[in-house]
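For reference, chains read A, B, C, D and E in written order, and residue numbers begin at 1 within each chain.
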């Protein structure tokens, strides 16, 4: 199993743990990742809120490179994944748009590459049972609320991945890693996404709802598969606690970090040391690291 | 030529048409009329026939499916054989679907030329008669079927009422109270059920299904499969010892699975006939081969494990289909929990919970933990008015029964709070609006205008998130119980039953009536009538009205000893028929037989085989005329000559 | 049935195809009526002949229509299973599967002759089918089957 | 809210709806005001008008009013509404279309900071080919004037090695710049 | 085939003498050895004129239709393909089995007169089979030719060299087994062409048609008492020989025999202007086989393929 790898801008900066842990976990499972040569930014929310053609052209530049590589493309970041599959979907439906985009990107797009989220690769392509077999240090006693966010599962006819109202792939992976997947209602409630700068108050309110729901349902920590969600829940947790007078101190892990641990990898190599909310203390308490 | 007010005249230049048609051979007189189907219009035709000594008439107006019979009667009044008439459809097929006069006028001329070409080849036809079996079959033992059966039987005709479940009563038996008068459903239904059971002219066939239907109006041959009850109905007295002693239990479908019943059971106490049935999947005797307690304790020795399905073949003159409806499967709604939250129930389940003969004896207990709910939220239009996941139509009854259920809740438990999420409150019937106002004013039901976006568990309660669009704000309710008013949909096997009997159904599998406004209880198949929700969502008052209407239609049919048959049947030209029988296998009604005729050839009389058509059985579909290569088989009213003439007239 | 349409340099501008429609009385004729009552406009090239059942349409009627100059022929009936006479359209289906192939084999462009199932409640579908077949036949140009006479 | 003179507005209602649908908002006229979108919208509490009310304004052609709402800017484009709409209306698409029209006709914007953030975001990737978070944060703070927003958060992130001072190196940055130019030519403004 | 002539003469004489049959239909010599013609015997004396060789292609059972009136028993000499034709008539109830006395004639193949005459224009006396080859022996000497290329097309794929049923068998049974499998290759080739090309091909064929109706008269499937083309009203077919009337005739006949054609190829053989009519009938037989899973469309069945249906029939018309 070999995939082309599209890290996305945030995985080079604030979400470098996600990049480290994804590479490490995939390597441990024997899945090869080949970084897309000279990839560029997918434009995220800013592009599609400003210009439709730009919103499709930017991801297509990367898709054209991926088609030359001839491998299916893994996009760990939920926003990049959403933008890539939306571009593919729009071009599939509108040949005129496809022609315009090819003119802009100066490259031919055949639509042969399938874009996949990390969860899809691990749970569907690789298989939850195979992951369970390879787990050496099960995360016994860890109660995890798996948080999917919105862009990973919506709109369903475009993302074509899991279920928009009650997704279960991350829960399955959490169970496979030996931890306990907590039943909680805010799996796909939005965290505020790109308002991290413009309207921080909105991000704090929405993230607080999510943290409160996780806590009230007995979760020790939250697992995510999206750098934006992790950033809002993890980096702003202190400000949220001050703003709403609540105490969470709830580590926000990437699913690839938890799986890496369960596969026996070294916490440091998974980027576990550099979270805003201290992420190793909980693991040590539960003798998991 | 008819103006049809302006419907035709506005896009067809009838003067130009008249000029063109007057030149056609055989056309001796052309006139226009503003409303041909009106009395004066018809009188004009009769006068025209007499004055010009016409022997053929073409009426260029609306669809023959609309007024062919009217004009046939008009022509007959003038002494002309009614079948010497043809209709050119220049309204539905021409003026209404083409915008410019330049397009519609030449087309109207072509259609008229074709009608003239056909009518000059029409031959006078006379109807023959067939006997009518004065016995009616009613399929479905709900209130619609019971009402229809009672009315037909009271009109003095024999009725067989077939019901799939072990008892009649249908959906209505499951309800607690009925709107708008709040009288108890069982109190008004059970007397009718008993009447139906005891009526000398009605024979109840419960736990039975329709296997096969052949024949046609007046002479249906129906095969009914009487499923094995494993209880001999004649001997059983319904004493109930067997189901009190039966060891194995199973979820009771009648209570939507909320309550339990034994393997040998009657669905509900007032079941008619109150003879039990053995559910062979859950009965220990049938699954594991041991037990048989019921047989031992039965004082009348009615239990008979060896009983087999019975196939009854019966003849009927008319069929009333009253098979009712099902509820929409709300598990498609992820946002309402995919049907997995135990305290998110349907309206029917709510009826069972508050019903005295229900699983909780009438006390409203939550299915999850049996607690009495303090806050109940009713959500309307679940599956209705929703193209994305449900059906686009409105199910008509949910507004009223949700108001009723809210009232019952507040009446029984004044301390409970009732919320109703709605988009509109539709109260179309008599006393309906007043009933709704009682709900809001007298019983303080909180009506919130907005569709619920999401229901999710929080602790042991359910958070219902919606928007009150009148205030323009998001609202949230921590509810103990949520009742979904799910859409009324056609039964799963509706299409199959329709195909078996031979009438059509629409894209939602509701049965298609002959005409939505003018013939709501008839189908396009003569002799088959509809009543109740199987034809479309409707409440009990409309259902009963339709049932009585269908009954009158049946009584009308049986008022005559013989039935006029359709004269447009197949006919054999014995001179050209080779007796090859290629036509025989194509006839769906088995109306073609082979007979031997004698004829003189030279000096000798020789016998020869030719086909012959039983005009009573033939329905005039014409399949045999194409199988007959030599053209010996022809169809009156649609002969080969006529259709070829129409093709050529159009192509000139 | 068009004789090298391109070769003969026949100018097809302004030419309107003539299409014959055989509609069964119970379903497709009712569908056409519904298109009328719902005022759904469709091209005026089609002329409808009512037959009791699609099973009544003899392949020879279809060829006679082409022979007399029709450019397109449509046979419309109930969806299989819905036939008012229960089995009529099963024979239609079997017979016209063969006729369609034989006509194509004899050189008629496939789109000129079509068979469609249209129910009594599908007024919109009737209008769409008529628009579709008119457009396709217009693209094919005149069938010129009747002009065959002067070829001899 | 002032009296709405519908006779004037409704005349160019169709034109406004076509414009919205041209920019990607689908089936505006199918909306029957059921409120399911507003009910499920995570950010609706912060909006001056509910998403449903914005849809109503578009249906009535109240162009000036709807373009001046904060709702169209506070839509996080999380697609909850579009996924659940019983009439299959793309409400998120309508919001986006309204934002684009608002920018195109450079009308007064209620939530200045949102488009500002997006412009900076796009400017950085137009130049460098990839996003540079430090530069984005810095330029955003300068542009908005509150220099001390998230300063301590920034400091701790820097020590955790999460803030890279130097921009990413993209060989193909030139081709990304060309994409922006071409899009500008073909579809009008990009910023 | 020649050696059976004497046995045939004896048999026919006996049958006529002891009144088992009132008439007998067989062959008699025609203009030349390669053109035998049907022979209708009423009395034993005529048996001398009987003739038999491997050019006797006619399907004699079709003539039984002329003897329908009355109750005479008619004897007929029938090869395997003729019997399939007789079975057609019996299935179509046009002939009663009781009124036919069948003399079965085992046959290993009939030669195509037109092809032989191209190579041996005149004076041919006999044709001798020698393994894969055949010697054409006549006044202008011998000529060896490959046997397969000169047989009638139906003989190549003939499944029943020996008559399936008979009242009396002439001579011994011969080895069975078709020489080739019917793969409809000619039909498939035509299907590959563009519509316009096929249109021109069939226009050229139908232009030659004289409307002599030989094909209809010889066809066992075309056994109507009164043919629809002979009826004045409705006027299915004009009397003129314009191209559109030819098209109507051949289209209608092909559809009328669809599913009932026994594949005997007589129509093509007797056509004076060599129109490849079997290409039409084989096209329909192929489609019926493929669409309705009728293995051998040419074997007559009680109910014809177009007289029945299956719910699972293919449907391309929704």
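General observations
Basically, contacts are C-beta pairs under 8 Å (C-beta built on N, C-alpha and C of every residue); 3 or more make two chains touch, one makes a residue touch a chain.
Quick caveat: nothing in here was measured; it's all calculated off a predicted structure.
Apart from subunit B, the touch network of the chains falls into the groups A, D | C, E.
The chains that touch subunit B as well as subunit C are E.
The minimal number of chain-to-chain contact steps leading from subunit C to subunit D is 2. Greatest centre-to-centre distance from subunit A is found for E, with centres as Cα means. Once the centre of each chain is set as its mean CA position, subunit A and subunit E turn out to be 76 Å apart. The centroid of the Cα atoms in subunit A and the matching centroid in subunit B are 53 Å apart. Each chain gets one centre point, the mean of its Cα atoms, and the points for subunit D and subunit E are 81 Å apart. Chain geometry summary: the mean Cα position of subunit A and that of subunit C are 56 Å apart. Counting partner chains per residue, subunit D has residues 45, 80 touching two or more of them. With touch defined as above, residues shared between interfaces to two or more other chains in subunit E number as follows: 236, 306. Annotation for subunit C: residues touching 2 or more other chains are 59, 64, 87, 91, 95, 146.
Checking each pair of chains for touch leaves A-B, A-D, B-C, B-D, B-E, C-E. Taken together, the subunit A residues at the contact with subunit D in this complex read 9-10, 12-14, 16, 38, 40-41, 43-54, 57-58, 61, 100, 103-106, 150-151, 154-156, 164, 188-190, 192-195, 197-202, 205-206, 209, 235-236, 238-239, 274-276. Against subunit B, in their complex, subunit C makes its touches with residues 18, 20, 25-27, 29-30, 32-33, 35-37, 39-42, 44, 47-53, 55-59, 61, 64-65, 68-70, 78, 81-88, 91, 95, 119-121, 127, 146. Touching subunit A in their complex are the following residues of subunit B: 334-335, 338, 456-459, 463. Taken in their complex, subunit E has these residues touching subunit C: 190-191, 195-203, 207, 236, 241-245, 247-248, 251-252, 254-255, 258, 280, 283-284, 287-288, 291-292, 305-306, 309, 311, 313-318.
Partner subunit D is touched in their complex by these residues of subunit B: 335, 381, 385-390, 423, 449-454, 465-469, 472-475.
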